[in-house]
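Each of the next two complexes has chain A plus one other chain: chain B in the first, chain C in the second.
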Partner chain A sequence: MNPVLYLAQRGTALILAVAVTIHLITIIYAIRGGLTAGEILARTHGNRWFLSFYLIFVLAAAIHAPIGLRSILREWAKWRTRSLDMAMLAFSALLLVLGVRAALAVYLA
Partner chain B sequence: MNVHARTEKTGSHPADAMTVKVWRGDRVGEFQTFEVPRRENQTVLDVVTEIQRSQDATLSYRFACRVGMCGSCAMVVNGRPRWTCRTRIDQLEQGTIQLEPLRNLPIVKDLAVDMAPFFEKWRSAHGYFEPGENPPEDFAVVAPDSTERQAADAGIECINCGICYSACDVVSWNEDYLGPAALNRAWTLVNDVRDRGQDARLQAVSGDAGCHSCHSHMSCTEFCPKAISPTFSIAGLKRATSARVWKRWR
Partner chain C sequence: MIRNPHLKPGFLAAMLHRLSGIALAIFLPMHFIALGTALGGADSFQSFLGATHNAFVRVAEWGLVTALGLHMALGLRVLAMEFFAVRERSAIVVSACVACSLTVGLLFLLNGMV
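Let's turn to the complex of A and B:
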């Protein structure tokens, strides 16, 4: 892992620590409060704070997860060729597309 | 090889003897069992020497100083890497003693390993002083209480025994990983204000074989007989290499 990846992974870990905490508290609060799916979507629809939060969350996850997975695959699966970096870039793009799509879907619903 | 010959010959286990299982062979091999008399103030190295001199002269192992200065007698004793000259038998748990060569290094024969990959990584990590192109005009003044001097002091007593390298999980997963000793040495040099090869050194300790691959399991720190903490040295290298990247961005 080069220092740039190292810094990126540590930096995004800081963001994720906050984002995951907010995410978990919010979903537990919403469910325990007895809100229906329709009531939740009514609150998220057009909410730019909500969209900004989840776009940052998704971006951080799309950077953080492939760097960690790359280390695991290098060490445990002995996958050390350039193809690993390509596969991790593809994995990052997949997380980004799926995450942004989900955040936009809830924002626009 | 008649692996259990000695055990069979001695028959029952005498009260004043211990059972010692010793790795025989190279990467492929098996444990051979010996019965060795217990003696006062006996070290593990004494036991190995007694086996070699009185029971099986073909046993290969390595030692030099016998007093914890050279670091050449390191072996894995009951699963833990140790200096055998500084490990007394009465310090070990009761029962059979199992001796293996250091891990993560090629086995030459029995308990002797090839240290060449270990020292090659010292070079790869730029674990040597770089005086620079031009000699300095005067002596460098290094205050004993300066941060750099104290950081260098914390890791400088390493005697290259290879115990940390044997204990390191990351080396066992990634044979290219430079390892705790080489990175610790690099960190002492990063803190040497006279050194002129810092940029190349920080580059050398970055990357997939370098400091950022450390998982901070701290096995090196746990087992180091000199009470050095390579984990902290590696953390220092992580900070220094990150700062180097940060400066380039700014």
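Let's turn to the complex of A and C:
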């Protein structure tokens, strides 16, 4: 793997390990007895800590996932042309746009 | 004794790590789109959540939470191997990763039923 991509994936993996742990604890705690939109938005609306945390989470995931997917597609699908990099860049941009939109949606709602 | 290399813990760990990663990569955009419905207000968000209250979605959510826990645990194993040269007891470590992720999945499933 390209050294820059390798370092980017391992670096974001460390960030995601912390973020995923916090996220899993939060959802397991929050889901007790079911979950309503009001309960979710009461925690997230106007909460800058929440917004900052999830923007970092989204950025790390938008870097981490396409690099991992790229390795799998190169190995399993033998897709090794420049178009793979373009497709993974597009996937990264999609995750970033949708992720930032989602974080802002529950922050602003 | 000749062992099937596809049954070795390291191979199974790599396969589970990849498959859980693919599942998460497919799920993530849909998860973000779902949360984005909050832009339409609490009512719009609630009507989406209401539509997900069925057994099929519940099982899918359990699978994804388990996949998230599994991908993280197996990813930490990879980091430990690469940065701390930890290579011993891989069968025990891989089993522990799977057990941790199943525990996280069960906690999620059971907590939602309380």
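Going forward, the second predicted complex is superposed on the first by the 105 of 109 C-alpha atoms of A that agree within 3 Å, B and C clash if a C-alpha of one lies under 4 Å from a C-alpha of the other, contacts with A are read in each partner's own complex, and residues count from 1 in each chain.
Here, a contact is a pair of C-beta atoms (placed from the backbone, for glycine too) under 8 Å apart; a residue touches a chain by one contact, two chains touch by 3 or more.
What you are looking at is a predicted structure, and each value in this text was computed from that prediction instead of being measured.
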item: Fit or clash - chain C, chain B, common chain A; value: fit
item: Which of chain B and chain C A:41 touches, first, second, both or neither; value: second
item: Partner with the higher number of touched chain A residues, chain C or chain B; value: C
item: Touching partner for A:94 - first (chain B), second (chain C), both, neither; value: second
item: Partner chain(s) touched by A:74 [first = chain B, second = chain C, both, neither]; value: first
item: Contacts of A:2 with chain B and chain C, given as first, second, both or neither; value: first
item: Three-chain overlay, closest Cα atoms of chain B and chain C, distance in Å; value: 6
item: Residues of chain A that touch chain C when the two form their complex; value: 10, 13-14, 16-17, 20-21, 24, 27-29, 31-38, 40-41, 58, 61, 65, 68-69, 72, 91, 94-95, 98-99, 101-106, 108-109
item: For the chain B and chain A complex, residues of the former touching the latter; value: 170, 173-174, 206-208, 212-213, 238, 241-242, 244-246
item: Footprint of chain B on chain A - complex, ascending; value: 1-7, 71, 74-76, 80
item: Touching residues (chain side chain C, partner chain A) in the complex; value: 18, 21-22, 24-25, 28-29, 31-39, 41-43, 45-46, 48-49, 65, 68-69, 72, 75-76, 78-79, 82, 104, 107-108, 111-112, 114
